[in-house]
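Okay, so chain A shows up in both of these, paired with chain B first and chain C after.
Moving on to the complex of A and B:
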């Protein structure tokens, strides 16, 4: 147990360090943007206002509100304090809505969409890859090129094609939104059904793009394990094939778990694009709106939340990995 | 070297990937030589013209006319004009008139028109039919009468003095022009996009630009990754710790977030294709750095390297002659993958609205972005987005095939 605690603390420390680093990047990068975002808003608001002092007053008011007229270090501490309270300031493009308010619901949608989709894609991909390695022959010959092709397929391409086939041509599923635009969120059957129907296309497009890469990885891991010495030895010992296959896949799975931790960032980026294509009310779409509206508090906050989500997912996977793989415990105990 | 290349070209996967890639590259190079139209010229007035051959109507009237007596010409003309909706309406009326459903075949234009002409009577009142519907049938009948006429169309010119129309010629229904004799014919194999630009010409140009972006991004990423990996692996110690710390940080922070933040920070004006490529390169060197480091660490204490050290060679010399050749195959493979992912990253960024903001050159991502903004996918304008998706998929697919092929050549454990 001591070894495991050390592993856990190590990972936790690493999580915190990356978080701080990401936080600083998040703060600084958007503020390097040339041009004054407050001036942009004011010029939009003050159109038709000929009174120069009036424009000046509006500018001053907004600059105070967003804190952009203070030195950058002070802005950073204000930002840090505010973020700790869950206050990301006002959204530029949706003023007077706060960023926290704009993001609150989208986090929920994103987690509900991406988490299950990535897990399902990972499971299906690994199963297919393992089957390809074990069955070989025709199955492998078909599955491999298809997997390579799919894993290279751009995420938005998959989303668009699913949308055109199932949404536009067959009209099985709606093409945009998280629920019917004529509905108000509530707990009636009509609403839940609408959510389920809207869920399908984004979900499957994310699943499909994550299958390919996982299948390829699992296949080569399984082939490697199937040729390992312990498999030959077990065969000589006359151990049943099924039992050997069980061992092989357990061993091949382990690197795939780490693989998931490492590729989750890429997967999330694909999923964000899928959200944009389907106008799904998640973080990706909010981010897109932020970009379109030149809304840096919104972009910064969404980027921060996406990073935190990916970092946490990573952390959780690594903790699970530590539990699954006994070698970790042994290595840390030394 | 020669032997290695021979071996590489024996790998089926590599050859397939390489052929696709060379075909794309050749198209990008050769196409502009043959078709010299500027790729971003707006030629269509209106959005999303369908793919096809566009023949100038004015010129075809002026071209020599030939009479061809083709039996099915009239039927084809009518079939083309008679929409599905009209056909269903005709069926509805005929059925209401008492003709059994199995005798009506709305696909058979000739028969259905025959039935219509014989049975339709505007004065007849059908029970339960609204006035609007009845008027619709009257209009339909009138338009069909126009279709069924066998007379030609007169061409008239306005007299400059009196303003009267004077007939200058008649185009008969059996008149044809030879398309080779019409001076103005424009082939739009993939139609036009939302701005009225020729999609095919634009696509070829965009593919070229995207490939350049991919190359710049890939080379940037590989150079950074290679340098950091070599330093970290060969020097070790504090340098190694520091570089690995940075590398690990960038491994977990999703590259898309960095890309978004950086390209947003650059601002719209400075965001050219080249800048975007470099930014992509700066956010994707992590994997190369890690892998190069791992290989260098295992090479560092090999006998030949130690021998080189004992002979007093400099670090640069050792790295260049004793280490680089061993990891060269890996670096080339990584470069190929980086190019592919660079092209994908540009496309994803452009869809987010953060792609290169240029009006002079198209990129695959920007084409996709415009198609999405104008809802080509909802409107069924497949030529605006589908060729783009396929091109991107083909490029990345060919590069990954090459990579897998190389992997099998240089990594004997993976050979089948």
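Moving on to the complex of A and C:
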């Protein structure tokens, strides 16, 4: 257990160091972009304004409010102090909305779209990959090219194809929105059904693309495992095929689990393409607008959430690996 | 494998269950519900009655009879879906979620409810007058009859309609108008900051009478009567009592006052908040709206709900328009005519043929007059006359702009009112229709700007003429136009390459007029003002006045930093001039100077609002020669006099 504690503390230390650097970068990088976010706000306010000094006054007011005219170090300390209190401040691009409010209103949609899509894509992809490796023959010959073909589709291409076929031509599914254009959220079957129907195209546009990549990866890993000594030995021992495939699947899955953890970590960045093409609500577009509008607080807050989630996912995975696979712990603890 | 199947199945099921979770905090919306009640009324009927004198007489008696009548009671009910026949759907006005409802702030991102400009949006808040871009007139809304100037043209007087009321039932008075202005000034709101140099005070003489006093110059004349008159159709009247509540809440702090989301705001218009989330905003009609009084509209607007789905780009909005999920579209739908020509959809625009809409603004290419060689008129003119405008109009605007053969270039927009304000013949010789490659080459040759080193590009004083033309990235219609400008350069031996920075960068650089523009901004696109009560003067001022040069944050115009004392003098003089003949002379002179100096050049005409309608559910939208008097402008049923459309639309299948 001593070795494990050392391993754990080591990982924790790295977690903290990475976090500190990520936090500093999250603050600094957006502010290094060329351009002036306050000018963008003033442009919204000042349109139709015919008075020169008036525009200057408004500019000054917002520069003071957001503190963009303060030295960057001072801004950083203010930011740190506020973040420690859980206050991410006003969103520049959605002022006077706060960052917390802007994120809160779209994060549900993003998680509900991304999480199931990642899980389903991962499961289907890995199952197909493992089957292809195991069954070989015709199944493999068909699956491989199809997987490569589909996984190389650009996300927007898949989304547009699905929309044109199933939305516009066949009219099976609606083309835009998170629920019916004429509905108001409520707990009724009509509404829930509408949400499910609107969910399908964005969902499958993400799932279909991820299946291919997962399947290819899993197939290679499984083929490697199937040729491993323990499999041969197990076969010689006369162990049933089903049991062997179980071992193979578990071993081949290890790297795939890391990928899954990272996907889940980054999922809050949203599915930008699906959101734009299907006008689906979510964080991706909010974040995109934030980047375009140099919304430092929004970018920093989202990046911080993503950082924390990725780091935590990684941390948890590494800790679990330490338990699952003692070889890793042993190697790392040295 | 089988052992994994239950896990797999479980995860798929949980994934499907999660699909049902996106509804963030479902809301129960309480709306008035119609119920049938029984009511006793006294009715007069004729009965036949026998009387002792054995004579039949007819007499009138009163009987008590029970009748059924529908009354409105405030009983909570859940509205799960908007009735299609009572809802008018929009696109292109609201992008991104609504932030607030505060009429003192222009940062609400609530375009349908709060938009104060030349044709202010008046579905929730109202202005004293409504501007009509078709005839240039201001029609009374809250005001009672037209306003009057005093003889010295320093004061405007108007009365408030006796019927005008707030949503809380209290009367809307002159005091509200005065207090609104005082608040704008006190807290230096964008409205206050933008107008206090021209408007001195707004006073309530009595409950109904408002006097707007202009700021005066040294001679005792109004500094700018045009901007004073524009105020009455541009800015909302906000309730004094509610403003006081707001001030109390903000504790006297201007930033807090403007950042308030004002969910409790009192309004005077026919619609107000019903529902909003990240995907849509819905407004519901106030059935007690004062405007149903005979002194204004005489009835309520036809749709009970106005709904705006929040689309993420034009493409999604166009698909929804085609599918009948949008009735009124205020966005650029490229090749709009396909919808009715190829698909036979009941979609139409204000004009049946190209340019489909009424052009109001002039997207313009500005020259950086400090770039090497662009200080030479010959170079500026050569590029301008070589540009292939028909291609720009056909490609960038998909013909949704008048051509320069139809409406020759000037400083005026294509509306008949503005076109009549200058003498077309006087500037005929200065016009160009574009694509004049030979003419451009000759011009440069005559000016001695030729290719001296044989590399295919012309030199001016030995230095190659090489420019970068630019506009914001992703503004596809502008980018298409800039590419055509660059192509024209190649034809005449001037190297023009294109570059598209992000808007956040572009706008910071272009609006910084207190220093010369940096490299990369030799020829760049910006907009011009559209139609409004100060136009065409306001547009000309924005395009040409040197007062913007030197501003650190210039959102007004003249971004190429042109400066001409003669032009400035005319711009200064026009607001005080009332003689139409003299005005026409002054405007003609300005057009002449503009087409002679060419500090910038118009690339296309663009409508004030794109206005396409799908008549599957609603019909009777404004279109050319629709017989309305005054004509209802194609302003999406929400802006200025265009709001009259809401009272005219009818159902296709009632």
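Note that in this section the second predicted complex is superposed on the first by the 236 of 334 C-alpha atoms of A that agree within 3 Å, B and C clash if a C-alpha of one lies under 4 Å from a C-alpha of the other, contacts with A are read in each partner's own complex, and residues count from 1 in each chain.
Rule of thumb we're sticking to: a contact is a pair of C-beta atoms (placed from the backbone, for glycine too) under 8 Å apart; a residue touches a chain by one contact, two chains touch by 3 or more.
This one's a predicted model, so the numbers in the text were calculated from it and none came from an experiment.
Of the two partner chains, neither chain B nor chain C is touched by A:255.
In the superposed pair of complexes, A:277 makes contact with chain B and with chain C alike.
Once the two complexes are laid over each other on the shared chain, residue contacts for A:224 go to chain B alone; chain C is not touched. When the two structures are aligned on the shared chain, A:292 is found in touch with chain B and with chain C. More residues of chain A lie in touch with C than with the remaining chain of the pair chain B and chain C. Of the two partner chains, chain B is the only one that A:310 touches; chain C does not reach it.
Shared-chain residue A:149: touches chain B; no touch with chain C. With both structures placed on the common chain, the touch criterion links A:127 to chain C but leaves chain B unconnected. Residues 33-35, 163, 168, 175, 276-277, 292 of chain A lie in contact with chain B in one complex and with chain C in the other. Residue ranges of chain A in contact with chain B, taken from their complex: 14, 17-18, 21-22, 25-26, 29-35, 148-149, 151-157, 160-161, 163-164, 168, 175, 220, 223-224, 227, 262, 264-266, 268-270, 272-273, 276-277, 287-288, 291-292, 296, 299-300, 303, 306-307, 310-311, 314. Note for the complex: chain B touches chain A at residues 248-249, 251-258, 260-262, 264-267, 269-270, 340, 344, 347-348, 351-354, 368, 372, 377-378, 380, 382, 385-386, 389, 392-393, 396-397, 399-401, 404, 413-414. Within the complex, the chain C residues that touch chain A are 1-4, 8, 11-12, 14-16, 18-29, 78-82, 84, 87, 89, 96-97, 99-100, 105-107, 109, 116-118, 188, 190, 192-198, 227, 234, 254-255, 258-261, 275, 277-280, 282, 307, 309-313, 315-316, 319-320, 323, 325, 502-505, 507-508, 511, 529, 534, 538, 541, 547-548, 551-556.
Across the complex, chain A meets chain C through its residues 33-37, 39-59, 61, 65, 90, 94-97, 102, 105-106, 108-109, 112-113, 115-117, 119-120, 123, 127, 130-131, 163, 167-168, 175-188, 190-192, 195-196, 199, 203, 242, 245-246, 249, 275-279, 281, 285, 289, 292-294.
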